[in-house]
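What follows is a group of structures, each given as structure tokens.
Below are two complexes that have chain A in common, paired first with chain B and then with chain C.
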Partner chain A sequence: MRKTEVLVVGGGPAGLSAAIAAASMGAKVLLVDDGLKLGGQLVKQTHKFFGSHRQSAGVRGIKIAGMLLSDIEKLKDKIEVVSNTTATGYYQDDGVVTAMTGEDVYMKIKSERVIIATGASERMLTFPNNDLPGVYGAGAVQTLMNVYGIVPGDRVLMVGAGNIGLIVSYQLMQANVEVATVVEAMPYIGGYLVHASKIRRLGVPIYTSHTILEVYGKDAVEAAAIVKLDSKWQPIPSTKRILNVDTVCLSVGLSPLIELLWQAGCKMKYVPQLGGNVVLRDKYMRTSRRDIFVAGDVAGIEEATSAMLEGKLAGLIAASDLGYAYDGWEADREDTLSSLEELRRGPLSEKIRSGLKEVVVEW
Partner chain B sequence: MLPVSAEVVIIGGGVHGCSIAYHLASKGMHGVVVLEQKYLTYGGTGRSAAGIRQQFGTEINCRLAKENIKGFIRMKEELDTDFDLELEQGGYMWLAYTEGQLNQLRENVRLQSSLGIPSKILNPDEIKELIPLLDVEGVLGASWCAEDGHVNPHRVTFAYYEAAKRLGVKFYTYTKVVDIEIEKDKVKAVVTDKGKISTRKVVNAAGPWGKEIGKMVGLDIPVVSERHQIMVTEPVNRIIKPLILCQDDGSYWKQEPTGGFLIGMDNPNEKKGYDVGVTWQFMEEVSRRVLKKMPILRDVRVVRQWSGPYDITPDSQSIVGPVEEVEGFYLDVGWSGHGLQFAPSIGRIMSELIIGEEPFISVDVLSFNRFKTGKLIPEPACI
Partner chain C sequence: MEKFTDDDVIVCRCEDVTLGQIREVIRRGYTDPEEIKRITRAGMGPCQGKTCRDIIIREVARITGKRIDEIPVPTYRPPSKPIKVGLLAEESD
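Here is the complex of A and B:
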């Protein structure tokens, strides 16, 4: 059984910031992340950030990861990092977290505080043959290309015109992969106009009120059917078209990775604005179980900047629970809170604000 | 809205409650109501390993078990359901590791054979031949019945539910029974958190919660609720059909038709009560035990764990039928970890008792009264 003071699960911007904050306070931190490299979603984000925050707007995601990692490095006598390690379970009886490094090494961790920063997983759509090789999540394609240098195929149908769908479409084209079409079930494009115009300029049509019907192929995707939707979201059969593609990218939203929180018995609530089931917490990210905190996309799908700020809050409070502090940490905490508020002030954050109203409570 | 009155109120939306409801309605009874505190299959039913077997060690269970198998075989047609009930008769094997265990199995098989159950005793070579992947170290023999197998407990319950609903039974979920009103030792009404239903007949099919329901009519039903855990693996190619049960350490496993292995064990120190949490200790211990016996599972990933309550009685035997103390109060509880498979036979018998017909198999020996007369009938073939 490994013992630590603060266990951070997930090494994305939220988890890294939490680890840095807790260690800066003086706590002993163990950070587990299932990736080979730390950084979560950031390491594949070669585009300039659309973040509205003063600290990171215009910076590429991968650069932000670099900054966080150098802070981790500076605190290495306090932070132990275990990569390639998945937290597989939280056991309520004694608060033990089980984890697997790769497929072979099993460990148990007992920590006085746990910060869950597991991020989100990509949503799937149901249609015939959605399990054929060649059907990907858009984020997975981005990882393949930007982290491992592998292109997914030659000709792609992108499903979903939110920011991720648009950005990944553009990056596919940068990698010389042809994007046949982007389809979007809503009657309008969800992502930012800058991203949409970029790919339209390159001649890729974006069909709104369209969806994927089905995929064809024997051992892998050989073609896909798309169809127009009427105002009641029903497919109009006469508009069905077959596209010759070998790859289908689904970019239809993210769901918070909340399994560990369910297992821990934390109080949850279904809040569509935040991406599904999320955990109730106070403004400092403490859940209904005093010793468990959350931060980042797992607490509601948002963005990297808010993930970092939430992580910092969780890390500070978890460490202060254990009696740690540094000079001026309370001012830092309040400053972080107001940065979060400022970040969420704009009209684009309306959805987030209304979602948070339902889950931020006082314990 | 709850009805003001009902002919029969069944407490519990597990496989037994649903089967009883179906059987009553199929006999033409109207006004049957089922009340479930949470959702259908919330209790032991939805958490069951759902093995079915005829290898019991008491005459009553053997007789009923034969009917259970027949019931499962004709169930799809009888209930006219689209569900694949995943009935698979891949066999069931009890492994003995001591002379004492083997002698008990021999005795069981003798009883089973006398009642026409096609079970037999196997020696280690025969076991190895049937299940080459099994490490038979320390195994002295086994009892085996090829007709036994397993079903999908959710689908069976929902098939009963839909058939019952078509016949007019009303189901109310998230409706908890909080009291039962009695007048002159007769059932008068059932009180729930959503209102009251007048009725003269109440069936306690609340499984592990049966004890609490008993208290409502002043009965002390000797049922203890004990947590039992299970672990399930990712689906892999089908490599084994029978359910295997090891009597040295109480471990058992089966591979579902969909490929996942369902693995459990007996643990005398398990938590009592209604907690349905899980522990890493169980996961570690059951893995250790099963890997010794099925080393091929070493690289198969565990995907989840769950647990459910057993309703255990002093003789590991169910309590079925009316009670002397309260007119109109019927019991179907205490299934001691093997009750899923008895839904077909007992559902029918309960309906016969409630309607006032002669049950097609007498269950007098299972009556509540036996705890007063001391005529317990310990079931030796339990896990």
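Here is the complex of A and C:
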């Protein structure tokens, strides 16, 4: 049995920030992450971030990962990192978290406080032949290209015009891959206009109220059909078109990875604005289980900047529960809280704000 | 034109369960995703339902006319990925 004071599950922007905050307070932190390298989705984000300058706007995601990792390094006497390790369960009777490194080392972890920052998984669509090689999640393609330097194919159909779909389309083009078309089932483009304009200027059409109908191919994707949807989301047969593509990229939303929170018995609510079932929590990210906190996409699909701020809050409060502090930490906490509010103030955050209203409570 | 979603579409890749099989058990009256999981094995493979869970819940909602938040969520039973029995046996404390 490994024992620690603050266990952080997940080494993406939320988890890293949580670990840094908790260790800065003085707590002993164990950080487990299933990746071979820390950083979560940040390491493949070659684009510059938006938002305010205080939250690293204008800095590329991968650089932000580097900044967080250097902070982790500075705190290495407080933070123990265990990579390539998946948390496999939470057991309510004794509050033990189990984890497995690779496939050969299994461990039990007991911690005074647990911060769950497990992120999200990509959603799938049901269409004929969706299991053919060449059908990818957009996030998987981003990993393949930007982390491993491998392009997925020659000509791509992108399904979904949210930020991930738009950004990955642009990054495909940067890697010399042709993007045939972007289709979006909603009647409008969900992502930021600046990303949409960038790929439109390069000649890629974005069709709203359109979706993928099916994929054709014997051993791999050889073509895909798209179709226009009517106002009741039904395909209009006469609008079916076949595209010669060898890759289909699905960017149709993310689903919070809530398993551990569910196993811990944290109170949950289905909030579609936040991506599905998410936990109730107070403004400092404490769940209905006093010793368990959340941060990042697992708490509701948002973005890396908010994930880092949530992680910091969770880390500060978890450590403060154990009696740790540093000079001015309370001011830091309030400052983080107001940065988060500021970040969510714009019209583009309306959906997030309405979702949060349903899950942020006072314990 | 073909139907929008075909019955042959694989919903659970781990256990090779099709959308048609899911629809069939829903029509037979199994509208709780936990029951559907146990009957079809969808969601019981190595990935533990990360892809099919949402699809099945949406399909139940569509066929029964219920809202998604009215559909019970199936148990997320640990372990969340396959662990060798030998490893479990070794870990005694």
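What we mean here is this: the second predicted complex is superposed on the first by the 359 of 363 C-alpha atoms of A that agree within 3 Å, B and C clash if a C-alpha of one lies under 4 Å from a C-alpha of the other, contacts with A are read in each partner's own complex, and residues count from 1 in each chain.
Here, a contact is a pair of C-beta atoms (placed from the backbone, for glycine too) under 8 Å apart; a residue touches a chain by one contact, two chains touch by 3 or more.
These numbers were taken from a predicted model, which means no experiment stands behind them.
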Check your understanding: When the two structures are laid over each other on chain A, which of chain B and chain C touches more residues of chain A?
Key -> C
Practice item. Have a look at where A:347 lands relative to chain B and chain C in the superposition and call it first, second, both or neither. Key: neither
Check your understanding: So, A:58: does it touch chain B (first), chain C (second), both, or neither?
Key -> neither
Exercise for review: Check the residue A:108 against both partner chains and state whether it touches chain B (first), chain C (second), both, or neither.
Suggested key: both
Review point. Given the touch rule stated above, what does A:96 touch, chain B (first), chain C (second), both, or neither?
Key: first
Practice item. Show which residues of chain A both chain B and chain C reach, each in its own complex. Key: 88-89, 91, 98, 103, 108
**Study point:** chain B - residues contacting chain A, complex
**Key:** 277-280, 283, 299, 301-302, 305
Practice item. Please give the residue numbers of chain A that touch chain B in the complex, ascending. Key: 88-89, 91-93, 96, 98, 103, 108, 265
Check your understanding: What residues of chain C sit close enough to touch chain A in their complex?
Key -> 1-2, 4-6, 8-11, 13, 19, 48, 50-52, 54-55, 68-69, 73, 76-81, 83-84, 87-88, 90-91, 93
Study note, to complete from the structure: So, in the complex, the side of chain A touching chain C is made of residues 1, 86-91, 98, 100, 103-108, 121, 123-124, 126-128, 130-131, 213-214, 234-235, 237, 240, 255, 257-260, 262-263, 269-270, 272, 276-277
